[in-house]
Structure formats: structure tokens, C-alpha cells
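Chain lettering (A, B and C) follows the sequence in which the chains are written, and residue indices restart at 1 in each chain.
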Amino acid sequence: MPTINEKITEEIRAKAKKLLESKEIAAFLGFCQGSLPMTTRPFVARSPEEADKLIWNSFCVLNPTNYLPELLKSLEPPRGPRNPAPEGPLPKAAVLATGCWSRNIAIQIKENQLDRDRVIIVGIASRGMVDQRKIRARFPNQEIMNVAEQDHKLLVSGQNFKKEINRWDMVRGNCLTCLHPDPVMLDVRIGAAGQERKNDTPFQQVDEIENKSTDERWQWFQDEFASCIRCYACRNACPLCYCDTCFVDDSKPQWVGKSIDPVDTRLFHILRAYHCAGRCTDCGACESVCPMDINMRILTKKLSKDVLALYGSEAGLDPEAPLPLSTYKTDDPQDFILSESGAAKEGV
Amino acid sequence: MKVYTFKQAALDEWVKSWLSTHKVYRAAAKKGETCGAHAGWTEMTDFSLPPTGPAKSSVKTFYFPQPETMATYSAKKEDPDGLLMENQDTPAEKQVVFGVRPCDGRSVELNNLPYVDDPFYQANRERTILVGFSCAEQKATCFCTKTGGSPYGTEGLDIALSLVGDAFLVEIITDKGAELVGNGADLTEASESEIAELARLRQGVEENPGHDEILKAKEMTALHEAPFWDKVAESCLNCGACTFLCPTCYCFDIQDEVVRGQGKRIRYWDSCMFPLYTLHTTGHNPRGKKVQRVRNRFMHKLKYFPDRFGPLSCVGCGRCIQECPVNIDIREVLTDLLVVE
Amino acid sequence: MISYLPYPVRIDDITVETEDGNLKTFKLVLENENDRQAWSHVPGQFAMLSLAGKGEIPIGIASSPTEEGHLLFTVNRAGVVTTALHQMHVGDRMGVRGPLGNGFPLNSDLKGKNIVIIAGGFAFTTLRATLLYLLANRSDYGKITVIYGARTPGMLLYQDELKEWAERDDLDLHVTIDRESEGWDGLVGFVPTIAGEVAPSPENSAALICGPPIMIKFTMPPLEKIGWTDDQVYLSLENRMKCGVGLCGRCNVGPFYVCNDGPVLTRAQVLKLPLEY
């Protein structure tokens, strides 16, 4: 009996082949197998033959939307910066999209980073991606050589051990609290539709930190980011971070020191999170790619909580809705504006 | 070279005896257990066996700290000698790094080739003693033998420990290493059979496949223009994880920092993965494309460096493979390069 | 051991070179007698100009080693350090770290040869150093030809010296501007065109070319047409630099470190390198 993921893999390959053969698309953006257990690689299939390399499993932790604008650009015929775009439709690409990834596509379209007409969204209801760090933590000092997947179990094996563990116990934190596993927009569906999930405490991790005293919170923040090496993997894996020049890379003026001085590191993480406010879909790519295991996602999750409370909005959930922080409404909450007496102003 | 033999309890005593004269570091066992200046490392108080494979952070932090002060100056306007640079004395405090794997030891020697005349690197070398541990087991990402190293190698180490039977054989490799022998502890010289067993283990290692020589013999242009680079680069995020975790990536940037009138010229790790690394003031970027940057990293390690200095600038520690967010695997790149005609 | 400490220098004079004010020549005097004794450079080398609190910037040395007592640097205002430098005054102190790089092989490969200097815009600086050196050691070299072009007469560097050189009969000077300009009675036309017209035969000759990449690109065909080969043409590369001593990375063009292996190399060498400059 093939597993759910194996069936999805087969469907993805068949669909990709068909789209590539018919020349409806020039590229299919998904994942291929990595060279280590529990890894996948973002992968672009450009021919029907390459479509056979596409896979789907519980370790597709990168967000393919991150590659989409650049991929589409690379498909355009080469031209000078001043030359006009060629006549006729530009080549299209297909991309895999789960709930959060599809919301990122919606946001990129809203932010004029993506041309909807050039994207074929291949929707998959996410069953939650697995955190390889959780698995490694379960087997300390043992070298994991293989992880075989069943629908609800993971079979972890190494040189002298073999153990079956519950898949859901190993799922990433962001996926555990995800309420919208099904794509919010799609052109083609692979696999069964997903169910909206219920969760009474979707912001539990944030709540725990909010409930700490100021000093404890500060300590938590310092400790959590102490090991950051400023590699920017979190930023570069994020489909929201597409500025030509990031504020940390600016030299005229230079906003942030470039070394690993704790002040600079903290500033980077705070500002990065704020740039994602109202836009972050909690896809978890930042956390998954961090080589130092920093849980920077808690910062963006906190901002998601605030944006939901203030504006009743979840990023990209309604592809038609304007983004809360780039839209002005007269009844927007504005208690951050202080009056002369120092107290927050009441209403308008 | 002297070889001693220790049972674990005696080794524990010996290691503790260093604490009065040296700062002793070991790899941090978990996140947050860090000593500030050297991310991923922590001060050691007790003997403990290092985990299998290389530590998460490499030893380059002890030779090439992040950041390193290269000069200081007063940046106060009223100071008549203001803005004149003074040399920053490198700290002289002696330090021991415990549990260093042979790959990391070797990286210190490899980096020493370009850094032989760098005053800071040399001063840090002078004050640092590396106590290595041979690797009885390897990780899935380990490939030191493919790069000219060995799990029983001693290059760059001052003392090497190997588990032979139920005893640790301790090889004193350098004079610096011998300093620690004087520090008390009951030293028993290893028996001939123990030494023979260690030699047997060492000889059992896969022979050096000579990839450095193979790549040196190839045309630079052919390797540079090989068609596979686009595929390697396609998934790359252009983050600096590989370069910062790599023990043999040694590029740096220099910046001036002024805090309350006190100026410092510092150097800190930089990465050829970052577009800013090569960006001209005019806006022109000689390696403006991702594929150019990815290629540069591998070409530097596997071709430019060997052409100039001899060995590959890679010790096969596998950190970049383990931590690359998109699983770019230098072993595959090496394989691809080896077959370029 | 490498020293990363700049020598302290005092700004002795500042000349605004061009009509747009973007190029200034800084005359620097080493403050310490020891440093003056130790300093020795060849034309084509560069140095790091160091402003505490701002950083360092690699600039070609515009003075010839035959000019004693001072160093000249002609600096285009572009980035953080050069902008700060342009705001400095005579008498201010700063630092110089160098000399760095290889320089033109004036005492080896180029000795006894006819030398053609081809420069465009503000890339004339190290070639000015070279020219002064050649003139100071005139008998060591054959015929000297200089072709120098700028956009307008007001954008020409070292205008007083250009007038002096024009008077000399041991030097063949061709100064050109891109377009007709009021009051200009000299040559008009792009450097490559002029080079095609006045370049001497390649026999026992070498050309030293510094200028914008596009100028170098178009200067080659007319030279090749009259028989010049790539190994007779010397160029100077520029890339972003920090350390200047071959360690920090970044300036490499493939295996070639511009700071240490260069900046000077022949066109034949350049063509073997990847396009990373």
C-alpha cells in the first residue's frame, strides 16, 4: 500500500510531466530528495524527465514561494534593463502550495512581486512538516541513517537501532498550531482537501513568554538569540524578504553593525520580525533553516497574534483582502499615539 | 613524541589540573550553553567525552575570533593625537580547547598557509593548545578521508587522545602540548602493544585519494565553466551558514566602530555568499549572480587554494552538508569537479 | 608579519582637479621619519587611505617614487570614506597603509621598451606616476607616447602638468576630449579612435591602459589591427578590497587576487580569468 505522501509524489510527477510536456509551463517548482536522511532540496524540473525527481514527504520544510519571483524572472527572455518586455504572454511556472505557502503567493501578488497569470498553483493540503531536530533530539548521540515514513509513523534507524515513532509528535511547532492546512487559492489540487483545524491556544508559545516578567522576558530574548551567527539564513529563506538591499546590508547609512555584537544581532532579529508583521504566514522556513536552532519564529508569531487582535486579519488568508499594515482605515486602533500627558489617545 | 595511557578517572584528574593555569573550552552540548565570545563553545570544568563528529562550531573562533580588534583610537575631536591608530595587543591568556576532532585540528594548519604572516592569527596560535580526540565513529556527513585527512590524524593538534581498548592513549605532539604534561597527574607511559594497536588503527584508514592533485591538474577555466554550477546554485539561499560554520572559510570584513569617543577597527567574518561582499561603490557587482557566488566558494576551496598552497581548503568535517538549509552537498560538487575534462 | 596599522600622515595640500569638484588630489606627508625612510613604491601600486571612524579605501598612488617628500592620491568622491575624505582640510591627519600590490614592471619587462600610456577619465592617476617615473629615467626607455582623454576639458586631471608635458620633445602627448567644447583647440574624439590614429608600431613596445572597461574594450581592436598582441598590453584591475594583502577574500578574479597578485597584469593574463571584475 503506498503511503499518502507516496501517492502525492506520484500525482505531482504525473501533473508536472503533463504540464511540461504540453509546454503549458516552462518550470515546475517543488522538491527533490536530499543527500542526507530527513532532507529535501528545493528543485526546479524543466523537462518531463526531470519531473521524475520531484518528491513529496514530511521534510519539505522550505517555502518554495521564496524562489518563485526569481524563477519567473529567469524564464523571461533575456533583455537589457531599458528594453520593453516582449509581446505576448511570458513563460509560466507551476509551484507546489500548501496552506501557508499559498498565502505567501497571495501576499506576493498583493505586493506586486508576482504575476498571478504566470503561476499555476498546485495545491496540497499540508499534513504538517516534520522537524528533523525533534527527531535528532529523540536519539541523542545516535547517528540516524534513515527515516522511513508511514502515514502516521516514522521508522527511524541507524547503525545499531531501529525505532518507530509517532509522526505527529515530531511535527514542527508552526505546523502543530496551524489552523489552515488547505491552500487558500489553487489551480490544480493534488491529494485530498484538508480540513480547517481547531486550536484553542494557537499562540501558546507566545502566551508563555508574554506571561513572564519583564526581566524574565529580556533574559529569554538574550539567551534565545545569543548563538546567532548572522548568516541570514532565516531572512533568505523567507518569501517576505525580497528587498533589493536589506537594511543590514546598507552601508550609506549603515544602520546596524555587521559583527555579532549582541546589540546588533538583537536589532536585526527585531527589525526582521517587524518587517514581517501582518505578512507572515507562519510557514516556519526561518526556524527550519537556522543552523543554530534559534526559535526566531516566536517573534513573528507574536506579531501575528497582535495583528489578529488589532485588525482581525490573518496574513494572506483572504487573497482579495488588503494587507492590514499597508492599508489605512479611519477606525484603525491607534493607542500607540501618545497624547501630551503621555497617556495613549482615545479613539479618533 | 611521548605516548601515555590513561583510564578515564585519571584523565578527569589531569584535565582538572589545567584549570588553574589555562582557560579550558569544550563544545557546547546544547543551545544557550555558550561562553559569549566563542559561540558554540563553553568553559569546561569537568572531563566529558566529546560527542561523535565535529562540534557544531569550528575551532576557528579561537584563532580568528569574531570580532577581532585590529587597532584602537580615540575618536574625540579635542584629543590632539585623536584618530591615530594603535595596535591592539592580542590577549595573552593561555587557552586549551578540549575534544577537538582531527578535521578541525587540520583546519588550523590549512588556514595557517595564508595566515602565516597575520599577527593576530599567529598570536592566537601561540596561546592556544588543542587537545584532540580521534574519531572511532563517523557521522553520515563525515568525509575527512576524501580531503586528505584522517579520523586518527594529528595535524594541527598539540595533544591527541585515542580510545584504545578501555584506555585513552595520549600522544604529546608539540612542545605546547608538553606544557600540560607538567601539570601534575600521574602519567603512565603506554605499553608497546597499546602503541602498536593505535598504529594499526591509524593504518587502517582509507588511503588519501589525492583529490587535490587531481583538481590541480585540471584547467581552471574548464572547472569554472562546468555546466553543473547552475543546478548547484538553483536552490542556494545565499545565506552564510556554510561559510560561517566552515573551519577553513577565513574571509573577513573590516569596519570602524566608534562608541562614546572610543574607536575600534575590527575585523569579523564575512561570506562570499553575500552580494555585498564584492559590490563596488559604483553599484557594479563582479559576482552579482548567485551562481557566481556559489561557484566562487567551491572553486576557492577545491581549486584556487590548492593551486596556490597545495592541499584542498576543506577538511571534510561535513558541517556545511549538515547545516545547509537546502542540502547543498560539497561531496557532490567534488565528485562533479573530479570528472570535468 | 603583516601590519594592519596605517602610517600617520598629514594633509599638506588639496587640489580640486575637475570642474564637477568630484576629484581632488590629496598631497600627504608621512609624519614619522621612520615611515618616510621605510616607504618605497613603484608606479601602479596602491595604498589604503585610512580615516579613523570611517574605514579604509584602496586608491592608486598618483605620485612617482621620484617625487620625494610626499605622496599624491587623486580621489573620486563616491562612497563613505571618499566622501569623508573630500570634507577634510589641509593640516588634518589621517592614515596611509601600503604600498600594496605589484605595480607596473618598469624595471624589468618594460625596461628599454617604447611605452604607450593610454588613459581615460580619472584612471590616469597611477599612469601619471608612471609617466613621471619614465621621464625621470628617460634614457632607460624608448619612445614614450601618451594618449589621455576625458569627457570635457574641465574633467582632465593634472592640467598644469599636461601643459608642461606638451612642451617636451621627448614625449608624444595626445590629449583628447569626447565632444567639441568652446575654447578647446586640441583633439576631439574618443580614446580608442585616437589610439588607432597615433599608436606606434608594436615592435619592442608595451601599452599601459587604464580607464573605464568600455574604453579598454574598444581600444584593443585598433591596436590589434596594427599588430599589437595581448601580452604587450598591461592593465590594472579594480575590485572591492578590505585587507589589501590577499587574505580577506572578495577582490579575487577566479584564482587571481587583485590586491596581491595585481592590480597590474597583462591583457593576456586577464583573458584567462573569469569575468569577475
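Observations
The rule is short, and it goes like this: a residue touches a chain if its C-beta (ideal position, glycine included) is under 8 Å from a C-beta of that chain, and two chains touch if they have at least 3 such contacts.
All of these numbers come straight from a predicted model, not from anything done at the bench.
A comparison of C-alpha centroids places B closest to the centre of the full protein. Of the two chain pairs considered here, B-C and A-C, the higher C-beta contact count falls to B-C.
Rounded to whole angstrom, the centroid-to-centroid distance between subunit A and subunit B, based on C-alpha atoms, equals 32 Å. A separation of 39 Å divides the Cα centre of subunit B from that of subunit C.
Work out the mean CA point of subunit A and of subunit C, and you get 50 Å between them. For subunit A, residues touching at least two other chains, in rising order: 251. Under the contact definition stated at the top, the residues of subunit C that touch 2 or more other chains are 79. Along subunit B, residues 253, 255 each make contact with two or more other chains.
Across the complex, subunit B meets subunit C through its residues 70-71, 73, 75, 82-87, 114-115, 117-119, 122, 220-221, 224, 250-256, 258, 263, 265, 267, 270, 272, 277-282, 286-287, 292, 296, 299-300, 303-304, 307-308. On the side of subunit C, the complex with subunit A involves touching residues 79-80. Residues 251-252, 254 of subunit A touch subunit C in their complex. Against subunit B, in their complex, subunit C makes its touches with residues 1-6, 8, 50-56, 78-79, 82, 93-95, 238-240, 242-243, 246-250, 252-255, 272, 274-277. Residues 34-37, 39-44, 62, 66-67, 141, 143-145, 223-224, 226-233, 235-237, 249, 251, 257-261, 288-289, 291-294 of subunit A are the ones that touch subunit B when the two sit in their complex.
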